[in-house]
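In this document, chain identifiers A, B and C correspond to the written order of the chains, with residue numbering beginning at 1 in each.
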Amino acid sequence: MSELQERGIEIQIRDLGVTFQDNAGHDVQALTGVNFDIYKGEFISLLGPSGCGKTTLLRTIADLQEPTEGTVRISGMTPKEIRLQQKFGFVFQQPVLFDWRTVKKNVELPLEIMYQSKEDRSKRADEMLEMVGLKNFSDHFPRQLSGGMQQRVNIARAFGIRPEILLMDEPFSALDEFTKEKLHEDLLRIWRQTNKTIVFVTHNIQEAVFLSDRICVLSPHPGRLSAIVDVDLPRPRTLEMKESPRFTELVYEVRGKFEGGSV
Amino acid sequence: MKKIHKIFDHKWASTLLWIVLIIVAWEIAATVVAANNRSPENILPHLYQILAAVFSTSKVSQGMTAVMVVLTSAKATILRALAGFLLGITAGFFLALVMKLSGLLEKMLFPYLMLIQLIPVLGLAPIILAITGDINSSRVIIAAVLSFYPVATNTLAGFKSVDQDKYDLMYTYAAKQRTIYTKVLIPSAIPYFFTGTKIGAPMAITASILVDTLQGDGGLGCILSQSLRHAMSIYVFWLIVFFSAFVGILSTYLMTWIEALISPEKRGIRKARREYKKSAVSQKVSVCPQISIRRRKAE
Amino acid sequence: MTQKRKRPKSLYQRIKENTKIQTSATVILPVLLGVVIVVLWQTQTLHHLFRTDTFTLPLLDRIGSILFDNIDKIWENVVATMVVALAGLGLGSLLGYGIAMLAALCPKIGKGGLSVIGAFASIPVVALAPVMNNWTRDISDIASVRSMVAKILVVMLVAAANMGLNAYRGLTELKPYSMDLMATYAAKKRTTFLKLQLPNSVPYIFVALKVSVPASIMTAIVSEYFAEYIIGVGRQIRENIVLSQYSTAWAYIATACIMGVVSYVALMIVQSILLRKYH
């Protein structure tokens, strides 16, 4: 914890509230009174059942959603300023790939938007694809790949732009358990190599405990922050840790934090 | 028996079966007609008679054989159809683009875009001829209008088919509006655009032939009317019927080919398929590419 | 869901987010454009634009008055055209659905039928119409009857192609596993068809009809140009132009447009009633 704090605060969230209007015109509070900090280089999870506002929180950090109340500051700037500096990497739940582009061209897309030279783009895309283990598939088209491979391309693309902050919205929820475990290890390895801040949205307690430094537990109706749990499992994490008593304890502890007891 | 079953595993086999069935039906009918009619070639000549007319060297009009007559007049008709078609699909694409760019224009024009489909544009052919007074430009205009609206509506549907995730992704990259159009919207709309052209191409040809019939100025439609009035051999009529049917069908397939030629995904998948076949032959099967191209159709 | 913001926003934003303004704009804007066109037409600005005169492009009130003066004769022609269009549409759709059924139940043989009928859709109407005229020459001594049959046959082919391709998709593009579910019940082919495939194809039938209703009317009009017997809205457009009676021709063009719109609206009403349970 103290080690984390020494790195300094990257994202500051103060009194954040987001209210939507449903089709009948009623106000629906998606988030209310959210206060917490995210430290530089941290792997933090936003965990909660559906309807708890975890995705809304992530989208607010990414400037995809404007807050109704309160503020989000990233290194002292607004999310919009950070977005315009192209410092976000966003991984959506669905692999948002472009059917008419090869795997490599998909990874190159944001680099094209950032006007990088052709050689740089190509080199960077190759590096990224090697990192996610898809070097041999760079000339394939998205529809020729399995769901897990598509999500890898998505991750390669997100890391390709060297983002300061990586925002991931339930990226593995549609994958099978075996693929998921493999991608967990890959993600942690890449994170260790790059040292970026990752904000990871999930509804899976084991996944959150295995990956994170800290877990923000959110509760629904209205969406709010119930607790922040420190995960003191040593790094690097290994799959064997999932069998350790500490892991089970942490899962148990996190589960207890949901307000209203059981979910 | 098993062998016959296997043959029908190929798609072309059943198409062939149907074509053979139609030919047989035609020939039976032609035989019946020939037995009961004084001039059977007016109603239903045998297919071999039509085929013979293709290779016949006898002159039917101004020293030209039947095939020469058909091909010379087809040139004018098809060139006009092509000009109108190109004009129409360009206009259709840009109208869809403009409607996507401006919500105001979309609201203003969308009902009219729907309405134009309900107007029998071919019925307007005579009046457009009267307004322009020139058969060539009216051919181009009508072909353009007819190929315009399927392209416009389908391309617009293509622009609208882009899901929110893609916009969100581009938003997180702080991509400029222009970039979103060139890198996301236009490539997404291309398959829809081609759906539109596949409908528009035969319509442009129909339009061009129809306008021909309205004024005696060469062209397939004009010769068609003349041969119906027995101004020349009736086989010219049958040649035109088969020729225009062939061109109409060909125009649709041509669009499919062009699409396959320029679509990077289809090109890539063809390449992958070839390589897969090659590697399968050399017994080094690694990854079987899942090849599936969804059919996209706009409502 | 629209987001409620507590921050001050620009007038432009407020207009953009106000659903009432947006809904009314979808009605007001097209009407506005329509009014502009009518004004341009009546003030002869359109005529200057197209370099034409009020003889070839008569003013709207003149077209309107001719429409009302000749209402009986126009009605007679409308009935002739609509009978052809609807009979062709009905028979053609049945034929198309039949082929789609054959292709869905017995794909090895039926699929070829679909591609053949799809090819028929690309054959220009202009080529089909005279052929049909020839073929129907001996079926009746009455010119109006054999002429009508010829026109119906042309419309039929066009409608059949449309229905065949769409109905096939409706019969085969089922929800995942629904066929497997039927198999676990050991349902007969006939039961599967009646309980699963047929209901599934109903929305697709309407997709086909949305295209083939206007297409049938257009085909009926074009085939009238070549018909032996002089009747129908399309034929009247042509006959009146030959006689240089442009105002009358325009009245028939207006009639053709109204026919297209009315039958489309009628189709939409039928669809909204029949497809209620699908939504």
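Note that a contact is a pair of C-beta atoms (placed from the backbone, for glycine too) under 8 Å apart; a residue touches a chain by one contact, two chains touch by 3 or more.
Note that the structure is predicted; figures quoted are calculated from it, not measured.
Undergrad: What chain lies farthest away from chain C once each centre is taken as the mean of the Cα atoms?
TA: Using the mean of the C-alpha atoms as each chain's centre, the farthest one from chain C is A.
Undergrad: Where is the C-beta contact count highest, in terms of which two chains?
TA: B-C
Undergrad: Could you give the separation in Å between the centres of chain B and chain C, each centre being the mean of its C-alpha atoms?
TA: It comes to 19 Å between the two C-alpha centres.
Undergrad: Nearest whole angstrom, what separates the Cα centre of chain A from the Cα centre of chain B?
TA: 48
Undergrad: State, to the nearest whole Å, the distance from the C-alpha centre of chain A to the C-alpha centre of chain C.
TA: Going by mean C-alpha positions, chain A sits 50 Å from chain C.
Undergrad: Considering chain C alone, which of its residues make contact with at least two other chains?
TA: Chain C, residues with two or more chain partners: not present.
Undergrad: Give the residues of chain B that touch two or more other chains, as numbers and ranges in rising order.
TA: In chain B, nothing touches at least two other chains.
Undergrad: Write out the stretch or stretches of chain C touching chain B in their complex.
TA: Those in contact with chain B are residues 25-26, 29-30, 32-33, 50, 52, 56-57, 108-113, 115-116, 119, 121-128, 130-131, 134-135, 137-138, 207, 210, 214, 217-218, 221-222, 225-226, 233-234, 237-238, 241, 246, 249-250, 253, 256-257, 260-261, 264.
Undergrad: Sort out for me which residues of chain A touch chain B in the complex.
TA: Touch residues, chain A against chain B: 62-64, 83-86, 88-90, 92, 94, 96, 98-102, 109-110, 112-114, 139-141, 143-144, 161, 167.
Undergrad: Within the complex, which stretch of chain B touches chain C?
TA: Answer in residue numbers: 5, 8-9, 11-19, 22, 37, 42-44, 104, 107-112, 115, 117-124, 126-127, 129-131, 202, 205-206, 209-210, 213-214, 221, 224, 228, 237, 240-241, 244-245, 248-249, 251-252, 299.
Undergrad: Could you pull out which chain B residues touch chain A in their complex?
TA: For this pair, the touching residues of chain B are 165-166, 168-175, 179, 183-184, 187, 190, 263-265, 268-269, 272, 289-293.
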